[in-house]
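Down below are the structures I want you to see.
Two complexes, one shared chain (chain A), two partners (chain B, chain C).
Right after this comes the complex of A and B.
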């Protein structure tokens, strides 16, 4: 355990003592539940309001949305903005299509390669060290690289390899960025499997490869699902690589379209809110459906 | 004859299978390693080469270490690092501070805790690009935030167009998006403190304060280090919010390091200088990662 330096411990204790005094005062008036529930409610409103504002904006006319002072609730809702976005910006069909293709392709690739690699790393000794660092550790450190570091040379590399402005290029780049993530999420699951499990399967007449598919994979299913969920969300949301490596509707994804939506004149907020809602809706729906797994995923690696 | 060839094929199949089994460790790991080499190692190597060239209308010229000298002696690089550091400091402080506080509140007897945790996921799964747009809408002249602070100010606030405010107007969306991450992780840690441990401490006569310091804190200490690492790394790479909301302006007041590099490469076409900055940033990122890996017990 790293030892605490004395000053930080002092500050911590002082803070805690302060919190404790507030707690005691509130307690003596029986106000603790009111205050905690109040703070919780504030957190909920603060978190949901910006999302509500954009979604409700997509259902309003421009003047209603941008009224001063703002109208928190509109009485004149309309769905006209939705078809209008695709009439004024027909390229949105293509952005949507590109986003779906890139997300599905890169997720499949990252989960496939990442799973295989994790199994290999966990089950075999790797003699190849770089200094004191182990090969599997080096794979994980790539997660800490700021993506801007690699994307600039990657632009030059893609230029010569004719991968600029292609969906394939984005699929490969996203897969590369998500593989370390998949390895990180899966390694705990693989490490928890008893060593004897493959041996037992081999004794039962399975080949080692057969044991991997028929016995190991089903056992790490929760990890696979969690890794897939996170990879999908990462790919769907990514901007930096997409904005640098693509230049037109051939391969540009939704985030690029959103980030460059502004026209020379003004922001068409009644349409931009529609586009933003369309970009948010799938991940929010998805997140709601798999909320338990997502919660565990966000807190995983540390807690388990 | 047919029987013979069958066994021959069978034998070849068998030996192929044997070869696969013998080399399984590399068959499993090499594809991933190859992709990582192509997308991490090779680009860094390429950046090393590019950093020795200058790009201009005439094409590229070998200039040796001139890019390094130019970047390290001119103020712009240090300025963008300083802006990144300020962004990092304010965003991480608020995210971690608020996040822990809210986690403690939610860990006490709060109604609908499960629902609130699910709501905490909402900002986390939304694209930073969309988050930037959500806030741009809130920052509209005479919009929601202006009317919220109206009692304190005279007239609309130039959130994104005043150089002294803009950076903080970028911190806010990041705090909105990432505070729930800290809350969810710390809350999970708080709930992993077994009841019997708390009860045993209570039996021993430990007061609330003692229990908090000696029982609860050890459970969440590692998690706090983990979220600190995650957020320091996360804020160091901030791009989408800056790109959408300010593009580094006004007057370069929000030109964080990734925005400065983007501009160098794709507005000025100077890939050499941008690559040099990339390598310097890589060194900084490695140093930070190494420092965390040494200081903390967190396993990566």
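Right after this comes the complex of A and C.
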């Protein structure tokens, strides 16, 4: 038995050995699957209960939703909160539209520039890659700053450039802060490609640019999809920049709209849950549709 | 007719020399093999022709046209890479037909040519497969198919068999040779495997340290090596090199240069070898004669290892009082075991003499230690 050997007697005082002993005891009673499944279940409830509460809340009346003691399961479900939202807040369409435009625009820009940049980083020697302070790392350092630090100077710049309260402004801001993610998600994929693939494509008659689009990009597709989803989620959910850089329905996005449901006087819970559900649905649906490719992207599927 | 000509091509990487003063020609339809240890510049030389590496100096011509600065796709060449570089997101047919697709050849013609090529390579039944469903040998064939479909004027191969197991290697080797003969494509083939080079090439270009050491037919580089490097690199097991001097002025007997621990008779030592200075004697393992009793002109040695190999056996022996081990090939019926004493003689025609300093061959009829590299001729 492991506890009888010399090395484990030494770690006998550590926490790890204690956990191991519990594991052993559970194992001897055949309880390991029960306990691990129990922990997993707890985690699922912990993360999904708020989602359940929001979605079910959107289908309940205000009094039902706020009943004391709280009713976990409602018997009186209704869909009338949904039209009510658009009646009370006709601008919700505009928020939705703004969110879609900003998300699609910034994702397209970030993935395009990020992919090209990554390919360059991986395949070419840059004179300004000084030792360990190489450029891809410096790109990532922009994400080390708390966003609130960058948003103030950004506000001043946007003010001068007439980008405040425009969708274009948000597209640029989101693209800028998503490019580092794209670079770092794709770096591994590009590094895995053998040099000879591009060389073969060049000998087969492509220019390097042609080889990039026709051969390289299809080969890193799982990575592209993962990076795309990631930037979509980031852009769709972003609140801080949107709150500060936009001021009305011209450019305000869904998260900003959601924040306005909570006022100094009241919280419109039943409408907030509807708006929240609508805001959540597209990203969830999107991720669900491409889940297999997403998984392959995150686990760095074998390229060869 | 000369198809490929390297005219004093040099490639430097910063201060490092990749290939230096490469001056070689490959004739139309010839199978030329660039051979040498890793880092010798053979791949650099090949890549200069492919256009994947730009030479620092010199010119490369195909059919008399200077192509040194041309884009790879405009050189009318095709290449098979060591990693094969099949496009994983395409099936077999798409991979093979891809160069034609880029060229803008229509679909029907493409299909026709792909089928013709796969027929030649005996992989017709694989056309609709994905590349990751193929075995090593099949992938090899697909890569070759993709290279020959455009009917290039020069066909380049960079260690294409390196990743195959020994049996498949021999099989593919034969097929490549057969295919090259059938198609008559001028081929440059890079390998570090001297056996592969000997069996494939019409012409071997032996390289070391970025320079060409010798160009010649397989028989020429084997039997008439230009220098000690070529002599040692070609042939397996390698040639034995002994540092010796004449026993006495004008003598046809040689002794170990330092301590005279052994002595041989070597007929017809080149006259260029002086009476006292040491030189290197090169003898291939199979050109020793093995005797089990003392004989005039043979050196006494002790057997340290015996490796039976069927028809013959490989002996590792040590000269009396000398630490150096040499390899000797003997017929299987020479009954010796570890610890036995034997006497080794050398046949004079089979011993090579090299300069101690430069490693240059000192020939029978030459008076000087000429380092000129003989240019190869086609058999």
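Methods note: the second predicted complex is superposed on the first by the 272 of 304 C-alpha atoms of A that agree within 3 Å, B and C clash if a C-alpha of one lies under 4 Å from a C-alpha of the other, contacts with A are read in each partner's own complex, and residues count from 1 in each chain.
Here, a contact is a pair of C-beta atoms (placed from the backbone, for glycine too) under 8 Å apart; a residue touches a chain by one contact, two chains touch by 3 or more.
Everything numeric in this text was worked out from a predicted model, so none of it was measured.
Superposition model on chain A: chain B and chain C are shown accommodated side by side without a clash. When chain B and chain C are set side by side, the one touching more residues of chain A is B. Contact with chain C, but none with chain B, is seen for A:205 once the two complexes are overlaid on the shared chain. Of the two partner chains, chain C is the only one that A:218 touches; chain B does not reach it. Once the two complexes are overlaid on the shared chain, A:245 sits clear of chain B and of chain C alike. Legend: residue contacts after superposition of the two complexes on their common chain; A:40 is shown touching chain B, with no touch to chain C. Applying the stated contact rule after C-alpha superposition, one finds that A:175 touches chain B and leaves chain C untouched.
Residue contacts after overlaying the shared chain place A:186 against neither chain B nor chain C.
Closest CA pair between chain B and chain C after superposition: 10 Å apart. Chain A residues in contact with chain B (one complex) as well as with chain C (other complex) are 207, 303.
For chain C in complex with chain A, the touching residues are 50-52, 71-73, 77-79, 81-85, 87-89, 98-99, 102-103, 132, 146. Partner chain C is touched in their complex by these residues of chain A: 194, 196-197, 199-207, 210, 215, 218-219, 221, 303-304.
Only residues 1-2, 13, 16-17, 20, 23, 32-33, 36-37, 39-40, 43-44, 46-48, 50-51, 53-54, 57, 66, 68-70, 113-114, 116-117, 119-121, 123-124, 126, 135, 137, 139-157, 172-173, 175-177, 179-180, 183-184, 207-209, 233, 236-240, 243-244, 255, 258-259, 267, 269, 272-273, 276, 279-280, 283-284, 286-288, 291, 294-295, 298-299, 301-303 of chain A touch chain B when the two sit together in their complex.
Of all residues in chain B, only 17, 20-21, 24-29, 31-33, 35-36, 38-40, 42-44, 46-47, 50, 102, 105-106, 108-112, 116-138, 140, 142-144, 147, 150, 176, 180-181, 183-185, 187-189, 192, 208-209, 212-213, 222-223, 226, 233, 236-237, 239-240, 243-244, 257-258, 261-262, 265-266, 271, 274-275, 278-279, 281-282, 285-286, 288-289, 295-298, 300 touch chain A in the complex they form.
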